[in-house]
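Attaching a single structure in structure tokens format; questions to follow.
Just so it is clear, A, B, C and D label the chains in written order, and each chain counts residues from 1 on its own.
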Amino acid sequence: MKIKLFGTHLKNRVLLASGVFGFGLKFKRVTNSVGAIFTKGITAQPRKGNPPPRIYETSSGMINWVGLENPGVEYFCTNIIPQLKKLKTRIFVNIAGFTMDEYEHSVERIGDTVDGFELNISCPNVKEGGIAFGQNAKMASMVVARARKKTRLPLIVKLTPNFCDPLVIAKACVEAGADGISLINTVYATAYDIKKRKPLITGGLSGPAIKPFALYCVNRVRNVGVPIIGMGGIVSGQDAYEFLLAGASAVAVGSVVLRDPYAPLRIIKELKKFIYQETKHAR
Amino acid sequence: MIRSLSIIKKTWFSKNTFGLEFSLPGIKPRPGQFFQVRVNDSMDPFLNRPISIASYSGNRLLLIIKIIGKGTNILSKRREREQVTLFGPYGKGIVPKRQKSILLAGGIGVAPLHFLAQMHYKRKIPFTFLYGAKTYDEIILKASIKHMANRSIFVTEYGSGRRGTVVSAVKGMDLSDYAIVYACGPQAMLIALQQLHLPLPVYAFCEDFLGCGCGLCLGCAIMYNGTYKRICEDGPVFELERIHFEN
Amino acid sequence: MKIKLFGTHLKNRVLLASGVFGFGLKFKRVTNSVGAIFTKGITAQPRKGNPPPRIYETSSGMINWVGLENPGVEYFCTNIIPQLKKLKTRIFVNIAGFTMDEYEHSVERIGDTVDGFELNISCPNVKEGGIAFGQNAKMASMVVARARKKTRLPLIVKLTPNFCDPLVIAKACVEAGADGISLINTVYATAYDIKKRKPLITGGLSGPAIKPFALYCVNRVRNVGVPIIGMGGIVSGQDAYEFLLAGASAVAVGSVVLRDPYAPLRIIKELKKFIYQETKHAR
Amino acid sequence: MIRSLSIIKKTWFSKNTFGLEFSLPGIKPRPGQFFQVRVNDSMDPFLNRPISIASYSGNRLLLIIKIIGKGTNILSKRREREQVTLFGPYGKGIVPKRQKSILLAGGIGVAPLHFLAQMHYKRKIPFTFLYGAKTYDEIILKASIKHMANRSIFVTEYGSGRRGTVVSAVKGMDLSDYAIVYACGPQAMLIALQQLHLPLPVYAFCEDFLGCGCGLCLGCAIMYNGTYKRICEDGPVFELERIHFEN
């Protein structure tokens, strides 16, 4: 299952989605088995994240409203990266921000100490910046162009399916120099507290519930000209394979690891079988 | 660790609370630690349910589950000899101090405190077990608690037996003899307890909606000493005074 | 639970969503118990619909690709409306179209023989027209304005959450004369046939999987100034109540009736309890 | 009709095919009719599973289910005395003609044809039952079929017994004696049968993914005589010649 992606060799096509495995420093057997890990979103400044409850279960899915809790890029560079270097997997740093300067700053600060970047312009859980850039082709293209000037490493842009056409945004990002597109980030969602009669949590929906929507989005973007990392609701090798059929070069698994931190190992194994079947078929 | 364990014994403790026993050698759990219990293979419910260790003795693990909603309801239909998938034990839990203590349980909060009582009993640490529930029927594990505790007090809000809540009961107690309090129950109880400002350290067993249960997703948070801690990874036991309850 | 909506009295707040109960001529006990029924989408010309498979199950949901199978507005007026008149419920005709003329024509042709219209500018299952109008504020507003000129009956517009902000579209519709907004229509979705290695079905996702997204959308539109009919994944009275909390004046139930055609009766009963609790609380 | 019925008897017919028996007085079902079976209370799986009437006699309803995927797998874990929610009977089904006929079953297609055979038998209509499966183990209901049919032929693709498919078998038969064929099996079988252009009318029991199962959602469609018919409401039995298979 080895593949070459963005000029880098990956062990396999199953990657860990941003935000569900921290920095990959726990469950190292899992981290070291996947093709790459996308870190939890990093911002220029440290962020304490949102108050509880941050998680809410829904039918075949969940809403999260973590709010980009992270120690900030300085701490990340000084204390986390040295540890990441010891992992036997590729590291893509998920970069979030509230202004264009912040994205640029974080990319520059991290430099070439990692394997690449995933620009998160699609997080629904913060008030300013972030998703607003990802919902507007012009702004998306500016964020990408500015980050592009600061790094030669692979630059992936993570897109939202919320209230905008990912194909339009993807095209703008590729034109501005993106090496890859990853999608989908979580879907806008609200849950109500029926006792207090007000919203309990407003955040991003993930998990199997969104898989059909995610497959639609990946398929829509498939001809954009750069590799696509597909994600959204993958819980099995078959799901992963469906994303490859939809046009993804690799997949990322997210919420399923909350249900089972070892799921990526199983998914890698299952996906291998599908790919083997297919190549056998092709012979 | 992911484990698929067979239910050795299933016991109904009250009309909505049941216990599942498993054989699980080779772990050294601490009170407060819990397992993430897979409800079933379906994607609805999607997340696992955190359930505390209620007893661990002679390689026998006991989980006690109160039926609350969808997940615990489905789990309540499991039978002996069926398999259950568990992840854990997760959480830091606590190492009980060698000091005379009060164990203060509200409702199903009795589960982890029962395990703590077991530890105290084995190590011969004296303790009082103060346990409150809505009605007398909901008081479970009474014999075991009476057997282990130096003193045990059961209070109920309605019905027969001593009336009141654990918070009102502890308020009326002479605490000079005790060095420490461990409390587990609904958040409203913990908040009321916090407001008492008892003159001795109180350790609270906290709850929240959990995602992973093991420090990966940052989905659980508790404002503690001015920063967010993970309930699952840093707790679920925290010093009550330092908690800032937000929800 | 009686309410007055669009100047009409409805028995209760639970309505039948378009497309899942045909014209309401079967299971009349159900039809006659709900506040209103939205008919299957009607087009100017008869349509035979899409080839099978038209339905595909997903985690906590389903994809449909029925393709607006219907006998056309002429047949509808001549043969169906006389039967609808015998039902003891309100009838809103769901109007779909491929050109603006078609919407206008159907509304005019049906005249005031029913209780109102729901302009479907959000069906993801047809190639031209339809959803394209619903994704563009200017076009949506034109469709509504033209239909408005042809009828004094309540004019509801049904919106899509697909790749556009329903609030923007809703505002445009209200300005153009809409009396109500209903949302959400189904969400873009694809399922793959892993044996044939190509899409099995591309259509609209519905069911509990989309409920959190639907609640988000309803809440977003809540202050648009006209009553909102909320829908998407309702399977219980609690779900329905959550939509009321999110700002809906009434709800429509869709996919759940495929699972249980009598579900609306149960949902009406359950919702009553929630509303009773609330009014008791308010006293 | 929505009904919650208790499983009176559960029988394993082969390693992946089981039967559920219910007591259900007061229905007059026709062969081809089916029930929409609720898998469980979870939203995953979301839709009911269509299952044909395999036998109805003395108020006893028998459904025979082959484990295919998620839904039938969950159903296979139901036990006797547990409740199952059923909707139906749905479908038009058929009224068997009083003419000598061939019942042609492929795989689990045997289920509705077994009920048809039962009708024939009760009404003393002569028939031959031709039944094919992948392997001999998968042939079920053999005794009952042998008992009712004037002639019964069992063919398998692999293993012992007569080799071949039902389509190849019917091709080799002298049909002059028969007036009608009823066929149920995988779509590939129906297509192969259609291509034989047998010199007598063939009625096919068709399948598709169903939504409601009762004509509400327009989710099932079969191109028949140039227009779309509902498999669930207008069928599931159609004259084979007039079907245009599209998927």
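The rule we apply is simple: a contact is a pair of C-beta atoms (placed from the backbone, for glycine too) under 8 Å apart; a residue touches a chain by one contact, two chains touch by 3 or more.
Please read all numbers here as calculations on a predicted model, not as lab measurements.
The fewest steps needed to get from subunit A to subunit C, moving only between touching chains, is 1.
Here C-D and B-C were compared by C-beta pairs in contact; the pair with more is C-D. Distance between subunit C and subunit D, defined via averaged C-alpha coordinates, is recorded as 36 Å. With centres set at the average Cα position, the gap from subunit B to subunit D is 52 Å.
Subunit A and subunit D, compared by their mean Cα positions, are separated by 47 Å. With touch defined as above, residues shared between interfaces to two or more other chains in subunit A number as follows: 58-61, 207-209.
Looking at subunit B, residues 43-45 sit in touch with two or more other chains. Interchain contacts join each chain to each other chain, per the touch definition above.
Residues 58-61, 63, 161, 163-166, 187-192, 194, 197-199, 202, 205, 207-213, 215-217, 219, 233, 238, 241-242, 245-246, 274, 278 of subunit A are the ones touching subunit C in the complex.
Per the touch definition, subunit A reaches subunit D in the complex via residues 59-60, 208. Contact residues of subunit B toward subunit C in the complex are 43-44.
Chain contact summary for the complex, subunit C toward subunit D: residues 19-22, 26-27, 40, 48-62, 64, 66, 69, 207-209, 235, 255, 257-262. Of all the residues in subunit B, the ones that touch subunit A in their complex are 2, 38, 43-48, 87, 208-212, 214-223, 227-228, 246-247.
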